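This report concerns only the one structure given below.
We call the chains A, B and C, going by the order they appear; numbering starts again at 1 in every chain.
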Amino acid sequence: MEGFLKAALASWEALPYILGGLWWTAGLILGAMALGLAFGVPLAVAHVYGGRLARRLVSGYVWLFRGVPILVQLYLFYFGIMAYLSELPALSFLPLSSGFFSAVVVLGLTSAAYQSQIFRGAMQSLPAGQLKAARALGLSDGQAIRAIILPQALRLSIPAWSNEYSILLKDSALAFTIGVLEVMARTRSVAAVTHQPLPLSILAGALFFFLTWAGIKTLKRLEAKVRIPGYAHQGTL
Amino acid sequence: MDQPAILRVENIVKTIGGQRILDDVSFAVKKGGLKVLIGPSGAGKSTLLSCINFLSPPDSGVISLDGKPVNGKSKKELLALRQQVGMIFQDFNLFDHLSAMENVRVALIKVKGLDKRAATNRAMEELARVGLADKPSLYPAQLSGGQKQRVSVARALALDPKVLLLDEPTSALDPELIGEVLTVIRDLADEGMTMVMATHQISFSASLADEFLFMEKGRIVERGAPAVLLSRNSGSRTQSFCAKLSELAGDASCEIAS
Amino acid sequence: MEGFLDFAVNRIIPALDAGLWTSVLLIVPASLLGIAIGVIVGTARVYAPRPVGKALDWYVSLFRGTPLVVQLYFWYFALPYVSIGGVNLVLSPMWASIIGFALCSGAYQSEYIRGGLLSIKRGQLRAAQALGMTPLTTITSVVLPQAFRRALPGCGNEIIYLIKYSSLASIITVSDLTGMGRSLAKSTFRNTEVFIVVGLYYLALVTVATFVLRAVEKRLELPGFETKKD
């Protein structure tokens, strides 16, 4: 016990440094969620309202990104694909050699696969009359989807979204493998210097646990705020 | 006439959440008898039935089967009692993962210890008895409400119960499906099955019951032969309750069928 | 530099086949242990007395609320610093991985088992009682067959997750599929090719597992217990 306390005190000095990693962790999650949303919505629309080919392509995308482990994707993009891409002058404006960039792309593309499934489920759970009524008012299909279907579907997706948030948060801890200085990376490097992995890994666990809890609380609040009267809560998909 | 009662219920009291659901209820059924429990919802009819087989054990009072008082503390006696007292639920409670035949068979194998083949034969017989010989392999999700309730009757009958308890067996059914279940119950009565039934089907049960027990607020407040209680100028609670029910239903069926 | 196909056949595939075996040796015991933990914990969370249930709720939210990589890090790097009676708790990389995966997976599995148990209607139990079934018979003949069918899709999904997350074992020096890929990539500098093939191996594993799980579900499917199409 005494040893543990000493170790904890020794690591205590490193706390500001480790907490500094939260910025990177937050950046990874926000970037990945945004990218996932930007890709996930069109994927879902294509799946629900597109033709056979579109559905095939979306299914293929989902199968691919759901089937390959995040860690392998991180290695593939950071050590492999991004190196190829950086030889293309047209892409020179992108920070292709940054680990953070690779991590956001990997987490975002994977999240897009999952988010597309969430939105698809939400869209398909809307009554068919919604689209019919919009068409009857003279809206084009595109307008109807943008103005009627998506606003409802996105609200319904929030519970599943909080699940997606906690998955992304946990996956973001893998970004240390490609050099992103987020919480896990800093925890490891401090532990390597101080030889105190025990209190440090507990600290890292506690930080992530708190972030999971706080994020889910926030999304619950958001859900209550944008809730449409008359729509029952949907469980996580 | 002086046959001893097969089932005797004496001074049953049951309190749930500080509320007295059953207050000193007593009655007895002879072999082949049919007692019908009538009364408004919340009168305690369902609770009384589930006290009889100790699904909800009474706080005090005595249940005797064949003249022998049941010791509610003994797990063994309880299991034995439940094998001899069949129960039909309002919402059927068929086992959702078993086919119609397996529903009837499961207790024969697991409780009575019959071998599979004998149990299957017996289950098929019971299904035939309720007119479902052609549907043994259908699952509850594939059966209509009326069919489900008939399977549940077959399931109870398969154990050769001495008494059958029926808890509003037709209340959860669509009107057009009630008839098929009532027919099965009538056949059972004609064959001499001893039954205690809670129901709102008053005119139907009047032709079968040997006694009506009218319950209100946990007590039996009126009892007697259907013909007496239902006669137009009896001024009985049963009569006015029945009149109200048939008014709501929009038909003038509150007459004695016979 | 040899072409991709030659490189894949001569170098990548032989290396990965060894890693594949290690991965399977991680995945199979970890998923079985995970299910066992899930069944015990899930059942206890529904039926055990309140304090036990509460404690297990904490176990589940702890293991679901922290990254698996942090957990592995704890089991492998931090645990040796804990000593009980002078004996330090040192786990081999394989054992740290299996235990880490199983405890994490078990937390998730227990959620599905719990959901399956809670989905059983009270009437089913009353009917079993009314027929004179003992509590044990009720559990084996009524509760478990129903709960298992309801929990199966979720449990299957969790196994798929476990297959993918088994790649984290490479972080604590296990030479599984990912670990072998990583060292080969390091020594040959042909990252893209190596990791594409590694990805294909996982895709194959996941696809085969999905197929098998679907087939099991299909076999056990009954009217009224259909799996919702996703």
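The rule is short, and it goes like this: a residue touches a chain if its C-beta (ideal position, glycine included) is under 8 Å from a C-beta of that chain, and two chains touch if they have at least 3 such contacts.
Fair warning: this is a prediction, and the values are worked out from it, not measured in the lab.
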> Which is the least count of steps on a path of touching chains running from subunit A to subunit B?
Replying inline: 2
>> Quick check for you: compute each chain's CA centroid and the global CA centroid, then name the chain with the smallest gap between them.
In response: C
> When the contacting C-beta pairs are counted for A-C and for B-C, which pair yields the higher total?
Replying inline: A-C
>> Could you work out how far the Cα centre of subunit A sits from that of subunit B, in whole Å?
In response: 57
>> Quick check: how many Å separate the C-alpha centres of subunit A and subunit C?
In response: 22
> Could you state the distance in Å from the CA-based centre of subunit B to that of subunit C?
Replying inline: 48
> Can you list the subunit A residues touching subunit C in their complex?
Replying inline: 7, 63-64, 66-73, 75-76, 79-81, 83-84, 117, 121, 166, 169-174, 177, 184, 188, 191, 196-198, 200-202, 204-205, 208-209, 212-213
>> Could you list, by residue number, the parts of subunit C that touch subunit B in their complex?
In response: 121, 123-124, 126-134, 137, 141-142, 145-146, 149, 222-225
>> For a test of understanding, state which residues of subunit C touch subunit A in their complex under the given definition.
In response: 62, 64-71, 73-74, 77-79, 81-82, 164-168, 170-171, 178, 181-182, 185, 191-196, 198-199, 202-203, 206-207, 230
> Which positions of subunit B touch subunit C when the two form their complex?
Replying inline: 50, 53, 55, 75, 79-83, 86-87, 89, 91-97, 106-107, 110-111, 138-142, 152, 155-156, 159
